[in-house]
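Read the structure below first, then the notes.
Chain lettering (A, B, C and D) follows the sequence in which the chains are written, and residue indices restart at 1 in each chain.
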Amino acid sequence: MQRNHNHTTIVTIEKVIDETPTVRTLVFSDDLMSNVLPGQFAMVWIPGINELPMSVMISNEPGKAAFTVRKHGPASTGLFNIKEGQQIGIRGPYGNSFDLKKGKLLLVGGGTGLVPMMRLLSFVKPTDDVTVLIGAKSKDEVFFEDFANSMLEKNPHKVLVSTDDGSYGEKGFVTDLVEKLVNESHYDGVYVCGPEIMMYKTVQSAHSRGMFVQASLERMMKCGVGICGSCCVGEDLVCRDGTVFDGEHLSSNKEFGHFYRNKAGILEKY
Amino acid sequence: MNQLLYSKLSSLFKVEPSLATSIGKIQLDKPMMLASGILGISLDVFNRLYRSGAGAVVTKSLSTEPWEGYPNPTIFSVKGGGWINAVGLSNPGATNFAKMIESNQTVPIVVSLVGSIPEDFEFMIKQFENCKVTAYELNLSCPHVAKVGLEVGDDPELVRKIVTTSKNSTDVPIIAKVGLGTTHYLNTVSTAIDSGIDAITAINTVRAMAIDVETQRPILSNKFGGLSGTPIKPIALRCVYEISSKYDIPIIGCGGVSTWEDAVEFFLAGASAIQLGSAIGDNWIDVFGEINNGILEYMKRKNYSSIKDMVGLAKKS
Amino acid sequence: MNQLLYSKLSSLFKVEPSLATSIGKIQLDKPMMLASGILGISLDVFNRLYRSGAGAVVTKSLSTEPWEGYPNPTIFSVKGGGWINAVGLSNPGATNFAKMIESNQTVPIVVSLVGSIPEDFEFMIKQFENCKVTAYELNLSCPHVAKVGLEVGDDPELVRKIVTTSKNSTDVPIIAKVGLGTTHYLNTVSTAIDSGIDAITAINTVRAMAIDVETQRPILSNKFGGLSGTPIKPIALRCVYEISSKYDIPIIGCGGVSTWEDAVEFFLAGASAIQLGSAIGDNWIDVFGEINNGILEYMKRKNYSSIKDMVGLAKKS
Amino acid sequence: MQRNHNHTTIVTIEKVIDETPTVRTLVFSDDLMSNVLPGQFAMVWIPGINELPMSVMISNEPGKAAFTVRKHGPASTGLFNIKEGQQIGIRGPYGNSFDLKKGKLLLVGGGTGLVPMMRLLSFVKPTDDVTVLIGAKSKDEVFFEDFANSMLEKNPHKVLVSTDDGSYGEKGFVTDLVEKLVNESHYDGVYVCGPEIMMYKTVQSAHSRGMFVQASLERMMKCGVGICGSCCVGEDLVCRDGTVFDGEHLSSNKEFGHFYRNKAGILEKY
């Protein structure tokens, strides 16, 4: 019988990789999750602690998938602290995925927003010319740089890093780098995932120049299936209509880039 | 009029059936409503649901103050179908919410309220003075939050006071939403009717739970939650039939409706309108349009011109 | 003993898990029982079920006199899974039935009884004087027959008298079967315990109905029936968890069990044994063997030597 | 979506055929029922009246099936009185089916017990030598004689009728005729459906001579799916283990031919 993706499945963490002092990748075996599309996410149950939406990270090994989690509040810290051999529950995959164009591509990721970008890289054609921008606060928060390079071995490509404090790569916000690049040349597709303000500026930069741009949004999620309403952005439900939205669509959404809803559902300013 | 003659006449005049319905004084263009707690926190989403064919939307149950609700997991998908949720009535609070919907002129909005004492309801209704509210729905039946919901619905004296106070606070119709609690829900219905309620919504979710056998823990953070969706349909249908057999009160059927057949079953049992929630998790928002179309086809086939032609028909047999 | 050490030891000694369980004084070789009303009218069938892996069989609920039950349709298959039945407690009566099982020495038989007054139960228990009876189960929870079942279970004074009288009539253990009625089932449980009951079976079917949209009639001849099978599992599980959290009484879980995972969920919630009925309609009698095997595999994997190792574990978290 | 055979489906009666003053055939369209195996039955809901087990009768037209009902008690009379255009509910098919041998075959039917025999005829090979015995009380209760003959046009065949009162065909009980035939020659398969005593004797006659014989049993039925228990014969459940049983199996069943259970489940003698 085929697995209903809404039913919680228990998986065992087989490997834990430290990416930075606050970011870890947890690898597990699951056919369904190993084949998700870039932009899709899972609801991840940390037994006794919480359940969180997590983008599904790729793994080099077939039949395996991973989550790359940044230690933040109690829930993500709970996941961060899961040891090899421990069990978590997963359901999904949920959400739509990126529409991958051909040609000159720009991928922009900040923090764990790089996760869907890494999976997107696994779909690019050898003929695509790919630029990956990695934004971080400082040097020790940079990760997936090598991973991105290794995935693009066969492509004409660049992997650029910018840090807010200049401790590694270019100094400044990654969105300044985006603005510079889209000003210099046309991209056939721009893809971004990271902090909302970073996505907002990237979308603006690309969309205002008529480029095809997509962002993978994050919102408070409870159900993941479009019934609880907690993930709404304007009239869109991120879990079901997204997570990926076109720049065209986003530029008419009054909440994107400006407001999010807290756990009580009250609109708050970013 | 003789049924045969009627059907001949109506096929001559090709009466186009209308989906409009009335729940007592409440008039709706379409009989399918969004149930409380489902997608119900933003006016933009309400507008979208209305365009998709919902005749009205019920808001999340609002409290006097904002509530964060329970931590995740708050929703569990049951192997045999349906969901168990313990969202914990998270909501922005009546005051914030009223501001959010002030600008609404288009969508028929039913404001769901939850509270512990009559004054809570009086206060909340006041917050909506400047809003276009189609009706209030008193949630007397949430099965998984202490001090409100069923703990209120199971106390007849409190039900009487809350309904009376709410009725005195507004001219807008007031609906009581009942469910299976620790006392007989028909007593709650009876008390609510005696206290002047305008309509009944039946039913809310049914208290339930799920345990993961690998980690050996209840899955929901609150342990207990409310079962919704297909599993509770036969139970909800029986409640609607029982209420409509015993009392003369407009009823909104709720619980597990996901197809037009389900909706028609509820009409036949005595419901004048229907709420749905869980079906959206499976069929997404299109479910409203699909069910509306199915009902229309059925009405054409059976030669009904309006929803009320079929309300309660199953009680005749 | 430390869990790690234990699992090391047990893998050394290769402890073969045992399916034996005890429900208070009732000892069973296997924890899966046939629920009342299912296939339960002939000793030959009981023998067959026992050979198929049932640890015990519960008879149809017997009354003082034979009952024909309701006319067909008495069973309806729900689209979303499960069944609604209104068999109407048809049964050959306690006296006839006792004769039928007199020759039994092999199968652990639990005799289910239904009645309106304490004397009914006293009379019926007497009929079984010459039979090997493992336990009696008092059906205080049939949701669709007037004057018995839930109408009894919902009356605490009557429950007290029936349990007391039954206990005084025999030394065989007595189980009370409860369900969702019009009062709080936990009150029935509490009264039954105070009156000396030996164990609780939870739950019976949940009152429900189905209407055919073409002919516009309730389908069951009795209109209302009891919902069983997968739809009620999350409700039954919550009841078992609630009872085991509140009272120190052996529990038999019943409602919607169809896989070994379901069975284990009930054990973790606090049940010492499990009854099933509806699953037979889908998987036929093999379901007992399949579930037994699944439980054994699980016990091996988790290093449990006996069922009681897992009873109630979900309450610890 | 495939129809779950347990779900009640509403069908409209398209044609009513009077077979005898007390037997009618009701024809309806239903793909599932038009393709059932011989021996299988449906639970038939007569709205507002009752639900009864009915063998599924074949129809000449593709996609159609039928019930052939004898007017008896209130329930069967309710079905008997259904008019063209009226609706009934059906669920099923339920039960197993006959194991059709090749060669010399003997089919024995009494009353509506002929229904599964008619469907069985639609499966015989042109090379099979088929004898059909029709038992009835008197001349005006004989039906399906022409139907049987027409179905066997291409076969070496005989259709024999016996009536208890001799008003048509041979005089006497059909079981006497069976005894005579199996005494005279060997049959590769004997199939019987009708009153239990007729089935019992037929099984005895054939089984005692080592012939392969099968009978399709009738018992009180409520659920049709093996949960209510009302159809048990010894340790067998007719709705699920049957309705067709081998003579071998039946000869060790202490209830077959002797006892049935009434609506309360009490064993009564035939």
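Things to note:
We adopt the following convention: contacts are C-beta pairs under 8 Å (C-beta built on N, C-alpha and C of every residue); 3 or more make two chains touch, one makes a residue touch a chain.
This one's a predicted model, so the numbers in the text were calculated from it and none came from an experiment.
Distance from the chain C centre to the chain D centre is 37 Å, each centre being the mean of its Cα atoms. If you average the CA atoms of chain A and of chain D, the two centres end up 65 Å from each other.
Rounded to whole angstrom units, the spacing between the C-alpha centres of chain B and chain C is 34.
Shown for chain A are the residues in touch with two or more other chains, namely 47-48. Within chain B, contacts with two or more other chains are made by residues 79, 217, 317. Taken together, the touching pairs link the chains end to end in a line with two free ends.
Contact annotation for chain pairs lists A-B, B-C, C-D, with touch applied as defined. Note for the complex: chain B touches chain C at residues 78-82, 84, 180, 182-184, 186, 206-211, 213, 216-218, 223-224, 227, 229-235, 237-238, 241, 256, 261, 264-265, 268-269, 298, 310, 313-314, 317. Considering their complex, residues 4, 6-8, 10, 43, 45, 47-48, 50-52, 75, 87, 89, 91, 222-230, 232, 234-235, 237, 240, 261-267 of chain A touch chain B.
Chain B makes touch with chain A in their complex at residues 37-42, 44-45, 47-48, 60, 66-69, 71-77, 79, 83, 85, 87, 90-93, 96, 100, 212, 214-215, 217, 219, 221, 277-278, 280-281, 284-285.
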